[in-house]
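Same chain, two partners: subunit A is paired with subunit B first, then with subunit C.
Moving on to the complex of A and B:
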């Protein structure tokens, strides 16, 4: 379903020097996979996730989704792709602070042209399913850390995307919360979503069916297959 | 490349965003109430000043143009031999005519006039001063500002100069011959004879002056400018016992107004416009600095750059829209509370009111959008997405 071919990413730093973040990455992800990409800080995990998520174009190589290079398309096309086919979960949750939990979850559905009523109904269902039925109207600041991440998870799946990308989703959680959140990822994977999690924690990576190790912008096994 | 109708990955749906942009920008403003409030009030105050002056100016101008009755009548009928110079100095030489003339005039001229008002003006000694006193039928008075004072038989109104001269204020008492009057009000200055006059009920003055059933002025309020011209012709042709004086009170009032702040209406609009634009730009700049993470999040969730742009600029529409409406409410409140010499009903009626109100909202919103767009563009936030 998703394939990275010889993906390389270089950045120019403030001293105008070229710095390599990813080098010749090859990766194939099939429908229904649950993949963890593990590596230390600065290994290129987040860059790789952004490239997979149609947020950052590679310096070289191709990212194919259903055999179509997503970086040969317009920015508007990639926005639609992120809206309908990819869900995102971040370490810092990235919830909109002035919106309630319900509205935060409803945002992607509203962007996808669902009416406010339909979007809210679907958001409510998800929040109740994820144990947040009593926190619908709570704002970001009124939610616990674990609740924030569950809200972010609900938001990532509201448009029923095929792929969910998670960048250090448990980075701010205690062990109990970490288990709860990773169990939810497993549940989502069991219901058909393809999950890609990047993390620096081996214990978190262990929840996935497949694990790849990234070091200095390269997979430790040489490719990623 | 982009063809969502045939692409298997992208479901085919239309991708409109304005309702979402409006909704999210409103939520943002609601979530940051203090900043929202400051922004709206700033815009409201900047709009209120020129709008209030414009409304008053327009109302005055329009009423002068159509000779509406708030400023005064267009024609005054006086006894033969009385000239306008006599009228403005309140020296009517003891000449009078019967009150019944008013009824005849009302009947004969009903086609041309909306109202007719009888007066008797004479001079009486008050506190050893020979002062002009006008008797008016306060139940049937049409001249502004007398419409505001339902004066009874024991009450008196004074012009500002007369009040100073007699050193009395509202609610004081004043003796004229055998009668004691309570001061019901001091009428605003008009720059004319009214400033030095006293005003009491017509029957009371007739009694005090020994002129029962007599008057020496009938003020005519034409229906329109057209009826005014017809009226002049008609009165000229048929009246041989009375003199007709063109009041020109409207033009006089307009000249007085033109020497005041109203001259600077356009300059005030320009200053307000510049300040509003600055306010919007500063507000947008500050707002964008605090919303980088949020903008990135919404973009990651699938918003296009166009939608992000809308979200960031539509907040300006909300601020300006609400600011304009509240500003106009403030303007009208100020006009209602403070007496500018124009009745509120006149300001609230007519085309000029809608022109000012709708025009301000429409222009306020439209004109500020480019400044908001410029600020968003200049901040370079979207280009980095």
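Moving on to the complex of A and C:
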């Protein structure tokens, strides 16, 4: 379903030096997989997730989704992929500051041409499920870190995407909420969704069916297959 | 999409307002510059018809625009000002001195203009205190004819003549002796206009007007020659600076729009990034930026035209002592030009930014 072939990512730092973030990554993810990528800070796991999520072009290599290299497509096509097929939970939440929690969650559904009423109803259901029923109209600045994380999570699943990517989705949550979020991922996985979670916590990674370790931009088993 | 559009405008209302006001100010100057000649010529033509080669002296505080529109304010001057001119060295140039008191009154529900004058001309009837000459419109509205009586504020007047056709603008006028007008209007010993005429062919009229103002404190003296001279001077200045004014104005307008767009993109970089990351099509982001820019640009143009009305009136009064009205004939041109500028200035940077990876905008690298 999703395949990374010889993916490399380099950045230019402030001193104009080339820094390697990922080196020659190969990875195959099948439909219905639940994969955790574990690694310490700076190991390249977030970069890898962005590349899988059609958010960042690799310096070299290919990312094939259903045998089509997504970085050989237009920005509009990749936007459409992100809207309908890939849900992304950012570590830094990336909520729109001037929208309420409800609107933040409902926006992707509205963009997917669902009516405002349908989008809001679905957003409300999700937020209530994550204990945010009383915070629907609160803006980004009025939410705690954990609440922001849960809003971002709700937004990523509202369009029922085939693939859900989560970057440290439990980093700001307490143990109870961590369990609830990971249980939700398991539930989504059981219903056919493909899940990839990036984390530095082994306990969180353990919820997945498969775990890969990333160190200095390389999988510890050599390939990731 | 509309919700995002409106909420973003609300979120950044201050910068939008600032750009609109900046543009409006510049546009108003361009409107004034472009319509100054035609407006001044029009007004001078009107005054030439009214004043001929004469001079109009009025209290300094008089709102000339209202005065010419026959809406008379409270400002007055002593009624001996005519005699002061006659007693001064200026009298040799002032063959005719005509003090008047104008006022607006309502009689039997009809709005009328009372003109108090010294009744030298037979045209305005007898100089008897209780004699009144009226315009044909006033006679018709009040149902009056010659020898009828009209009571106003305890003063009884006999209609000595109905002027038909009346002088331009005086259809609803009541001409009475000056003393009677002062009594009816409650301004004893006062006038609000002094018309002067003479043979001024070899005279420096603006200098003569300045002498009149010195002789009659608290007045302003208006002549067609003076207005024309002021207009020629202003036209010369405008001609000298018009190219530079247009270039600077256009640069500021274009810069304002570009600034708005770049500011919007810079401040909203993360938001554009996250909208892209959650799947908003790049085309919609470009359209959103274009629409916001065009709306701001057109709002600036409209506000600029509205702002040019008081600015031009003030400018006309300060420079030529007449209230000028800006021409709106260039409005479609300004709207068209600003729309094109907004379109070009917003589409290119928006297109560029939406081609980037969302993570570049989110600074998630």
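The rule we apply is simple: the second predicted complex is superposed on the first by the 207 of 225 C-alpha atoms of A that agree within 3 Å, B and C clash if a C-alpha of one lies under 4 Å from a C-alpha of the other, contacts with A are read in each partner's own complex, and residues count from 1 in each chain.
Everything below uses one rule, namely that a contact is a pair of C-beta atoms (placed from the backbone, for glycine too) under 8 Å apart; a residue touches a chain by one contact, two chains touch by 3 or more.
Since the model is a prediction, treat every value here as computed from it, not as a measurement.
**Q** When the two structures are superposed on subunit A, do subunit B and subunit C clash or fit side by side?
**A** Overlaying the two structures gives a clash between subunit B and subunit C.
**Q** Which of the two partners, first being subunit B and second being subunit C, lies in contact with A:66: first, second, both, or neither?
**A** Only subunit B is touched by A:66; subunit C is not.
**Q** Looking at A:56 after the superposition, I want to know if it touches subunit B, subunit C, both of them or none. Which is it: first, second, both, neither?
**A** second
**Q** Output check: A:209 vs subunit B and subunit C. Expected answer is one of first, second, both, neither. What do you get?
**A** It touches nothing on subunit B or subunit C.
**Q** Taking the superposition on A as described, I'd like to know which of subunit B and subunit C A:112 touches: first, second, both or neither.
**A** In the superposition, A:112 contacts both subunit B and subunit C.
**Q** Pick one for A:47: touches subunit B only (first), subunit C only (second), both, or neither.
**A** The answer is second: A:47 touches subunit C but not subunit B.
**Q** By the touch definition at the top of the document, which applies to A:11: first (subunit B), second (subunit C), both, or neither?
**A** second
**Q** Can you check which stretch of subunit C gets into subunit B in the overlay, out of 37-45, 73-81, 217-225 or 235-243?
**A** After superposing on chain A, the stretch of subunit C hitting subunit B is 73-81.
**Q** For subunit A, which residues belong to both interfaces, subunit B and subunit C?
**A** 55, 75-76, 79-84, 88, 94-99, 103, 107-108, 110-112, 116, 155, 159
**Q** Mind listing the subunit A positions that touch subunit C in their complex?
**A** Per the touch definition, subunit A meets subunit C at residues 11, 46-47, 50, 55-57, 75-76, 79-84, 88, 90, 92, 94-99, 103, 107-108, 110-112, 116, 155, 159.
**Q** Would you pull the subunit C residues touching subunit A in the complex into a rising list?
**A** Within the complex, subunit C contacts subunit A at residues 1, 3-4, 7-8, 10-11, 270-271, 273-283, 354-355, 357-360, 362, 364-365.
**Q** If we count contacts the way the header does, which residues on subunit A are in touch with subunit B in the complex?
**A** 53, 55, 65-66, 68, 72-77, 79-85, 88, 94-99, 103, 107-108, 110-113, 116, 139, 155, 159
**Q** Across the complex, what residues on subunit B touch subunit A?
**A** Against subunit A, subunit B makes touches at 1-2, 4, 7-11, 13-17, 20, 23-24, 27-28, 30-32, 293-294, 296-307.
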